[in-house]
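Multiple structures follow.
Each of the next two complexes has chain A plus one other chain: chain B in the first, chain C in the second.
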Partner chain A sequence: MSIEIKGITKQFGAFKALNDINLEVKSGELLALLGPSGCGKTTLLRVIAGLETADAGQILFHGSDATNAHVRERQVGFVFQHYALFRHMTVFENVAFGLRVRPKKTRPSEAEIKRRVHQLLELVQLDWLADRYPAQLSGGQRQRIALARALAVEPKVLLLDEPFGALDTQVRKELRRWLRRLHDEVHVTSVFVTHDQEEALEVADRIVVMNKGQVEQIGTPEQVYDQPASPFVYQFLGDVNLFHSRVHEGWAEVAGQRFAAPGQSDAGALVYVRPHEIDLSRESTEGAIAGQIGHVRLLGATVRLEVQTADHETVEVELVREHYQRGQWQVGERVYLVPRNAQVYADYSI
Partner chain B sequence: MSTKPRRSGITDETPWVKWLLTGTALTFIGLFLLVPLVSVFAEALNKGWELYLAALVDDDALSAIKLTLVTAAIAIPLNLTFGVAAAWAIAKFDFKGKSLLVTLIDLPFSVSPVVAGLVYVLLFGSHGWFGPWLEENDIKIIFAVPGIVLATLFVTFPFVARELIPLMEAQGSDEEQAAMVLGASGWQTFWRVTLPNIKWGLLYGVILANARAMGEFGAVSVVSGHIRGMTNTIPLHVEILYNEYNFVGAFACASILALLALVTLALKSWVEWKAERDTEAARAAANAE
Partner chain C sequence: MDTTPPFASLDACPPGSDADFALSGRLELSTVSALWQETRQRIAGPTRIDASKVSACDGAGAALLFDLHRQGARIAGLRPEFQRLLDSLEPDKPFAPGKLAHRKPLLIRAGQFLHDWLLELRQQITFTGAIAADLADLVRHPRNLRWQDFLRQCELTGANALPIISLIAFLIGVILAFQSALPLRQFGAEIFVANLLGLSLVREMGPLITAILLAGRTGAAFAAEIGTMKVNEEVNALTTFGFDPVRFLVLPRLLAGLLMAPLLTACAEIVGLVAGALVLEGFGIPFNTFFHQVASSTNLADFVGGMVKAAVFGLEIAAIGCLRGLATGAGASAVGSSTTRAVVQTLVILVVTDGLFAMLYYYLKI
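Let's turn to the complex of A and B:
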């Protein structure tokens, strides 16, 4: 089922949590709402669920207006960051809850409930935990049970609020891959909120990057990463180095390299370069930025070098471990920086 | 080098200070709690079992016991309902005047029970605000059972709510929201999710409120009128008997209240133990992962 969000605005006192949000969730896709904390992504998710009401705007579920529908009637599944499992019920009863509270005439028989719950527990691979209580489970298990519980009511939409936020890195990585596989299996339209760009890039079909209650960009992970629509998106999706430059006839020059700035008028420009898109060289080319290698940090497969430039700025350069070793780079050595790739944005601050 | 385990300097006290403090506390408890409790039963049984039992099955005594039970039976369910509703409203919702409501709930704790009783006399007594109207319609509140129930309601007002508010606030409303998303009605959410989560706190509050309801003297004394066999509760009956130098009777009735206190204490410990065990088990299981 598709969701259409039209002009949603939500204010908490003087704080504008959502400012005229427009977006469409396509049927069957897995969409990520990505942004820093306080950007309004969770509020938007709760508005879609009906746990929060918008001050203005419209929400359409499969073309029909659901703006004023009660959370009970929306038939959504919601997965909370802190699981929100019913602590006094067993895993089985937790998953069965949504079926048991149905009115008599639509409530499945006890045998049917049992069958469905076990089917769901098998889907999340935790059938053996049916008789345990939530407190007896690990964080990752709890979240999988919460997911099974949400799926039990056969929701038209699955909404996940920072589903892996409370878990440690290893479990997180494992679970998000699992979520992706699960989604490929059940294909329910899903929206999940995260502040972790890696998670969004890895799991989502499309990403909505949000900032300060507004949508910055909507696109596939590739689009968002390779063609960030704004400096904010660029910075949020990874580490950056910032250079100041000027645009001249559609081109900006940094360190002797020319980068396209199509459609931009001649003015000051901000040029962003990712640390892994800078080459180190011992020979000076025209315009290359000279610097001196400061700190060197080994980050597993990659090595991060801090290069101090002549005007006392620090540029981060990331090299593959092998390249670093082959280059025999030394701390204190004089080097030249050559960016391979860059994003140019108009600098409105000048 | 010393092989003694090092103790934290902050909590280090010389042995005699420890003994002095512990001894003072124990002496205090003995003198002010244990001795009176024992003396109640000693005095009650002073002249033997027969007189003790006779004092209890006396008509006026039976009527006092009955009235006390009836009062508690009316006041406790009402306060239970109110307490749960108030705690629910305060813990799960944000609204204007919330802090005022919290303060108001605490009011009976800070007002002298006698004043509480007097307020009811001023409102419903024959010279009170509603007095003439009540008389016209032949409704008796002061010097009658309704007044006693009202006064008891007032003094036991905070117990349940006070117990539940911190508990419900700590639990948050995530589980309720989850239940609603899954399609549960408000009523289903309350019975299936909220109530099971607060049951021990609720029981604890009810036990305390009940003890207070049965033992209340001040407020009830003002509104009751001390009519023997009609508007006397156990504490009032004890006072009357005592003033008449009927010590066996007074202490016999007092022993019922003392027994009630002991039962309350036992129940309270049991509830605490049970609730503690529930959370302990949960914690241990969580840690074992």
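Let's turn to the complex of A and C:
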């Protein structure tokens, strides 16, 4: 089922949580709402679910207006950040809950419920935990049960509110791969909220980047990462170094390198360079930025160097571990920086 | 490496030059404190300061320059890197006014209070309406209630509260009987203790004592239980399953309160009377005489009046407990505050209701 969101606006007191949001969720896709905390992504999800009502705008479920429909008519499955499992029920009862509480006409038989619940528990690979209580499970297991519970009622839309936010990195990585596989299996239209750009890039079919209650960009992970629509998107999707420059006849120059800024007018410009897109060298080339290595931080497979430039700015450079060892870079050494790739934004102010 | 201790100085410039004073040396934590004293004594009002000979400047130095700038001094010739340090402190920006100093006027605060109060009133009216609608629906379709939940709540509210309520009722009975028997004995009227005990327990003390205990025990538990569910988003989870939290969570508790409060009150009355009888036994009045006296002084109307009152109390306790639970905000501390509010609000409402019942019964001549 597709979802269309038209001009949704929501205000809490003087705070504008959502400002004229327009987007479409295609049938069967997995869409990520990505943004920093407080950007309105959770509010938007709750508006879609019907847990909050919007001040203005329209929500269409499969083309029909659902703006004023009650939560129960929308047939959504919702997975909460902190699981929200019913504590006094076993895992089996939790998953069966949505089926058992249906009115008699639409309620499946007890045997059918049992079959369905076990099928779902197998799907989330936790069949052996059916008789446990939520308190006896780990965080990752609880979240998978919460997902099974949401899927039990065969929702038309699955909404996940930072589903892996409360889990540790290892479990989170495992679960997001698992979620992707699960989605490929069941193909239910899903929207999930996250503030983790890696998670969004890895799992989603399309990403909606939000900031301050507005949509900054909508696109596939490749589009969003390779062609960020605004400095905010670029900054949010990874670490950046910022250089000031000027656009002149469609080109901006940083450290002797020219970067294309097609279609941008001549003006002061912000040039962003990702730490792993900067080369270090000991020999000076035309226009390269001179600096001195300040700190070296080992981050597992990569090494991050902080280079102090002559204008007392700090530039971060990320090297692959082997590269770093081969170069034998030392703290305090004088080096030259040459960016390989950059993103130019003319006429933006931060 | 330079081994001389860091040094900074403030010198007056010869008249006729561009500046009034010249700062030189290293403006660092170790030098600034002495220099600051000096500037305070020598520099006042708008002056021109030449800072071109400053060779180092850290956060403390920047603070000094910031302070001078605030006093109206114009600092010139600072090296760009130090100038940037000073600029990052935004010396031209006025200080944000302190929050305490800026208290809102009385009228606005009064308006805000009224606004909050009206919001809460609306919430209460909505809740009452939702309960009434659900109760009316229940009468037509009794199968919609989750009877299992109802029975469990009855057990928690009623059966489990029996020991504590019996104990308190027993003690109240003993105390009332003993305290009234002593003065009445002076007139040889101990037998009228039975009248006093019967009437006061059945009409007033029984329902009220039970209700106060229930408020602390059950009302608080309802608020905490539903509040925790609210904080954990279990209430929202119920909603997404198409459930009305009022029907699912509140109705069983409400009915349990409505039914259990009168039953507990009846128990409390019996235990209290037995306790009184035991005391009077000590004063030489036999059981038979005591209960005969009680039966002749209290009538069915007294008892029914007490029961009706107890039922209303039970309803109020459960409703306020559930309402406060559902109105719980976010965070674990919200559960604590809503529990406290539930108990306090219930106690106030209980006393007010008791007063209203006293008036009602007076006019109905019960």
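Brief remarks on what is shown
Operating definition for what follows: the second predicted complex is superposed on the first by the 346 of 350 C-alpha atoms of A that agree within 3 Å, B and C clash if a C-alpha of one lies under 4 Å from a C-alpha of the other, contacts with A are read in each partner's own complex, and residues count from 1 in each chain.
Criterion: contacts are C-beta pairs under 8 Å (C-beta built on N, C-alpha and C of every residue); 3 or more make two chains touch, one makes a residue touch a chain.
Worth saying up front: this structure is predicted, and the values here are computed from it rather than measured.
Once the two complexes are overlaid through chain A, chain B and chain C clash, as defined at the top of the document. Contact with chain C, but none with chain B, is seen for A:His312 once the two complexes are overlaid on the shared chain. Contacts of A:Trp251 after superposition: neither chain B nor chain C is touched. In the superposition on chain A, A:Ala135 makes contact with chain B only, while chain C stays out of contact range.
Shared-chain residue A:Val76: touches chain B and chain C both. Of the two partner chains placed by superposition, chain B and chain C are both touched by A:Ala84. Legend: residue contacts after superposition of the two complexes on their common chain; A:Trp178 is shown touching neither chain B nor chain C. Residue contacts after overlaying the shared chain place A:Leu51 against chain B and chain C alike. After superposition on chain A, the chain B segment that clashes with chain C is 199-207; the remaining candidates among 1-9, 19-27 or 199-207 show no clashing C-alpha atoms. Taken together, the two complexes place residues 49, 51, 71-72, 76-78, 80, 82, 84-87, 97-98, 101, 149-150, 153 of chain A in contact with chain B and also with chain C. The touching residues of chain C, counted against chain A in their complex, run 81, 84, 232-234, 236-237, 239-243. Of all residues in chain A, only 49, 51, 71-72, 75-78, 80, 82, 84-88, 97-98, 101-102, 133, 135-138, 146, 149-150, 152-153 touch chain B in the complex they form. Residues 174-175, 177-185, 188, 192-193, 196-197, 281-283, 285-286, 288-289 of chain B are the ones that touch chain A when the two sit in their complex.
The touching residues of chain A, counted against chain C in their complex, run 49, 51, 70-73, 76-78, 80-87, 97-98, 101, 149-150, 153, 311-312.
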